[in-house]
Amino acid sequence: MTTTKTKVAVVGASGYTGEELVGLLLAHPNIDLAVVTSRQFAGKSLAEVFPRFAHDKNSARLKFSDSEAKQVARDATVVFLALPHGLAAEFAKPLLSAGARVLDLSADFRVKDSDVYREFYGHEHPAADLLGKSVYGLPEVYRDQIREARLVACPGCYPTSILIPLRPLIRRKAIARKTIVASSMSGVTGAGRKAEVDYLFSECNESVRPYGVPKHRHLSEIEQELSILAREKLVIQFTPHLVPINRGIISTIYADIATNVVKMDPAVIFQSAYGQEPFVRLLGDDRLPDTKYVAGTNFIDISWRIDRRTNRIVLMSAIDNTVKGAGGQAVQCMNLMLGLPETAGLI
Amino acid sequence: MTTTKTKVAVVGASGYTGEELVGLLLAHPNIDLAVVTSRQFAGKSLAEVFPRFAHDKNSARLKFSDSEAKQVARDATVVFLALPHGLAAEFAKPLLSAGARVLDLSADFRVKDSDVYREFYGHEHPAADLLGKSVYGLPEVYRDQIREARLVACPGCYPTSILIPLRPLIRRKAIARKTIVASSMSGVTGAGRKAEVDYLFSECNESVRPYGVPKHRHLSEIEQELSILAREKLVIQFTPHLVPINRGIISTIYADIATNVVKMDPAVIFQSAYGQEPFVRLLGDDRLPDTKYVAGTNFIDISWRIDRRTNRIVLMSAIDNTVKGAGGQAVQCMNLMLGLPETAGLI
Amino acid sequence: MTTTKTKVAVVGASGYTGEELVGLLLAHPNIDLAVVTSRQFAGKSLAEVFPRFAHDKNSARLKFSDSEAKQVARDATVVFLALPHGLAAEFAKPLLSAGARVLDLSADFRVKDSDVYREFYGHEHPAADLLGKSVYGLPEVYRDQIREARLVACPGCYPTSILIPLRPLIRRKAIARKTIVASSMSGVTGAGRKAEVDYLFSECNESVRPYGVPKHRHLSEIEQELSILAREKLVIQFTPHLVPINRGIISTIYADIATNVVKMDPAVIFQSAYGQEPFVRLLGDDRLPDTKYVAGTNFIDISWRIDRRTNRIVLMSAIDNTVKGAGGQAVQCMNLMLGLPETAGLI
Amino acid sequence: MTTTKTKVAVVGASGYTGEELVGLLLAHPNIDLAVVTSRQFAGKSLAEVFPRFAHDKNSARLKFSDSEAKQVARDATVVFLALPHGLAAEFAKPLLSAGARVLDLSADFRVKDSDVYREFYGHEHPAADLLGKSVYGLPEVYRDQIREARLVACPGCYPTSILIPLRPLIRRKAIARKTIVASSMSGVTGAGRKAEVDYLFSECNESVRPYGVPKHRHLSEIEQELSILAREKLVIQFTPHLVPINRGIISTIYADIATNVVKMDPAVIFQSAYGQEPFVRLLGDDRLPDTKYVAGTNFIDISWRIDRRTNRIVLMSAIDNTVKGAGGQAVQCMNLMLGLPETAGLI
């Protein structure tokens, strides 16, 4: 019954995002995970590096390579890049030239303006000519463009958790645009699988801490996307915090209700915006989000409360930073690009 | 060198706050912990109930009693109440009548206005006549009044973490009062030692969740204290979140810089306000707070960042909710009441 | 392609085991989860009680009932019992009489000898006549009997983690039977979703503790199964410890190598015993087990080391206590009973 | 009232052991912490590197140096070495020559036999001539020798937790010496503050794993000390496990009761051995140890159970690996060396 599966590569597969992607792709009914690369683990099998997948026959057979872009493009028609910022852009160029379709999980193609990129990332963009060609991989916003895209820039984890709840209110002009404050908490996989003292168990356990205050890099893409929607330059406040969980982000977002809004009904607004979305769950009045309910899934849970005392709306969202915030959303985009059911391999 | 020690009682000593208090008082050089009460553990020794203290000779000797207020007042001159809301007020009355000095760790005497109490706590205040006589036990604000007080209402944990950083900016009119948003994260001891499914290990581990949105009870005392300072009714936004640590609160607080402020220098403002405070540590430009640096201590760590892009100030504070947020602050108040060095038994 | 699905019930579905079962059954391609019961949650939908499954259409539709056994047997042909000890036996009787096939996840039918049951569980067995009719639900041992069984007693979590690694060595007489020591560590879901102070987050976090020393209830089924295999009464040492993780058991098992064994090759023994088992992963010489690699899966990972200094073998196993130690193994048994692929819904 | 304080140095103070030592010494009433060295942090103040101590005036004043041994010996009369294995021995030589008294927290001087050292540590001992001069720093065993020692080899964390409970039974010949099995669990600070992927938060959280099977380095000192006591070569089984807590070790130790023992009364044996020890707490029949009750303290909690079914005794102990297992025990030794009360600065 199954026909030919699409050959897919994951470049830089050794981190938490890469591992999540590999797991999703191994289990995906329409995909043949044909290439995984890692400089560090070249020559080792997937099963050796990720014992979690050791029972999977492909995992025992498939070995990490240290292939260059051209070789990868010969072996796969869709390529995920799970590389550090900067390196991803360099790898994307020859892949695209060779005809591969690319989903980049780094920040390299998210920001369209190379000046903004330089401001937030501290160096020149390595492939500025490609910026205009990438599609921001948020299916709830750019579904149609993603279907046709050759280069998808998968959104950051914090931006995913903030943009999805905020967008319907901004589009409806329901909130005062200068009053947006987003306070987020992320699990430690968000820092990557890097050997740094700050992320040792004994430094993170029994620890909660803000960081990147006041100008975290993810602000650049959040503000870009909100500004496009608002048709004016929009600036928000954003503070990330590190909390001792493996997976999960909670974003609590505050905004003044716009002065001309007499009575806001967020349930109607959100139902209208996301009622048909396969991965958006609206919690309504009786529940608040909790990372444990989205861990390991591609869902975003959203709830809201209006505070009559302060005339503000409080939005709260939960995602798994490694799934809807990274690998799962990338697979969702890939499904769109390949004309597969959007939920294939994800539910 | 010291002569007679003051006899002290802890009423309702079986919870996390009670345990922290008991530990501090057992080790306090000027105190004789003479009475501990607990309905549940009456007849058991401190050592049996709190194995952590089992080596302490007083802990092996001292037994929990189920004494009534009058008896407690006979056996101790200073009484800490670590009882649930409502019960504390009932217990305080006869204690005060009998001449004891009382430090209440519940919310019963924090809010001065019995209407506000009813609004936030959902029932009539059980001893409204005493409201006018209590002193809000925040030494950084009410040091002189605490020295003379017969009834101290020890502040809540969230209010401590929010009021101390906010006060100097409000007094200086440095921030726009209607724009204050406080997003806080608390460890699970804050929920008390109650057998409830929501606080089981497997419900809290790998979980982060907002709660009490938008009108948590602690708002009542936060707004009361800020309004007194501002000399006008002040309303803020406050969202607490539960995070999987035992001890600690981080409060991240946002406010617009007041329009008439040309150049704010928070370092000067905070140094002026708290430079001499024994338990306030100002982190300055190069560090951000982390709960692990205050865990087990009575310190509050405070830092700040000005965001020129948004014209906001971001304040961040860290405390141990069971120490500076409860038992330690209560001992700090007791030290003032007894004319002891403010840091006795705490550093 | 699949035709009719088997109607299945989960009785007592509100605990951690029940939740895991429900999740597996909702996603199972051959099963129609038709009945879930819970006294506590009767009338609520699965989606309300388990927000994790809220996107599943069955989960939104299916409501917890408080049905009696006869009604359950009318609505389902296979019934899982996730009830407390004692209650399960009472429920099983009428179910079996009504023709249902029953998989019991409690301890009620694991021990065949009602005297041993009384010794370890402290009361008379409530349905001793059924003891002879149950099959111990360890597919790696009793696969054929499980296929035909009408009443399956699903093994305890610790026993699963201890019996699978020990059995091949006992059958081969490779170890000295009187020298077996098993030291196990379990995550906190093993204690169930009960509101008890001992299992609060702040009591378990930063805590490791032995319990049930020296005679934990699970010893009764471990020793029963080992004795059947050894054809003589076999007694072992077993100490469980509680560790602060949600899911997972590590069992480290020690035994003297039998005196008549000249050279033992555990790799050959284990490969011969389990090389074809779909859920047993043999780690070999280069890896040791880790709970994180089996969490959320039905696998048991096994490794071993021979210590020439002491002439002992050290066996180490890892399972997820809620999956291979409970719900997953129960589904594995159900697959056998229904003639489905053994891995259906599990990989 | 205070007279002159002893000047003390901590060499290699930047790890978890160093931090614990520094904290204890800053608070010690009889000690002047005069020197802290760290290659990595040279030039920074204690307060900068350890924000936990930022309020302490000495901590703000005292800067890390990169001093050589001779300079350290000029500035301090007692020197703690918290250096990696190998480096400690090299540093100790010139310190001792210069007249300093040295407490080494590495493994360099614990094993008296340089052949055993080579076998377990894989290289020649760098200062074999000093081996005969060191005293094993377990005050419960070598109190008198420690008082006079110039070079104290502070015991490893696991050995401390195993030797203290085992010794009285071996001395009394109450257990069969060939049957000893020790299964231990340690928190992650035991792995040190090293930037390694294996100890990242997301690798340790939700993870339990054995390691160092079957021949962990600590076996060498455990067996040395037990053999000295037994007056014959004694070999034991020992398996450490990593568990997701910051601080704490539980050791569960199994041994057959010796065949000639008619009736063993462990309570009498332990009371006789340790009834007067300031840091040994005997839990008796009604309690089992828990790391959370010893965390942050220098106590070892010990309990035992006799299993009549198997004729074994099960010993269980709990310590804080960074205190009684490292820094606290070193301070206890220092107190003895300086003629101070043994508990000074520790209770």
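Each chain carries a letter (A, B, C and D) given by its place in the written order, and its residues are counted from 1.
As a convention for this text, contacts are C-beta pairs under 8 Å (C-beta built on N, C-alpha and C of every residue); 3 or more make two chains touch, one makes a residue touch a chain.
Being a predicted model, the structure only gives us computed values, none of them experimental.
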Selected interface, A-C versus A-D, where C-beta contact pairs are more numerous: A-D
Same-interface partner of C-D, chosen from the options B-D, B-C or A-B, over half of the pairs matching: A-B
Reference chain B; chain at largest CA-centroid distance: C
Between chain A and chain D, centroid-to-centroid distance (C-alpha), Å: 46
Chain A and chain B, separation of their C-alpha mean positions in angstrom: 39
Cα-centroid distance, chain A relative to chain C, in whole angstrom: 37
Numbers and ranges of chain B residues touching at least 2 other chains: 203, 205-206, 244-246, 290, 292
For the chain D and chain A complex, residues of the former touching the latter: 16, 187-189, 193-197, 199-206, 244-246
Complex interface listing, chain D residues touching chain C: 179, 181, 183, 185, 187, 203, 205-211, 213-215, 235-237, 239, 241, 243-248, 250, 252, 254, 288-292, 295, 305-307, 309-310, 312, 314, 316, 318
Chain D partner contacts - residues on chain B that touch it in the complex: 1, 51-52, 54-55, 206, 278, 281, 283, 287, 290, 292-293, 296-297, 299, 301, 347
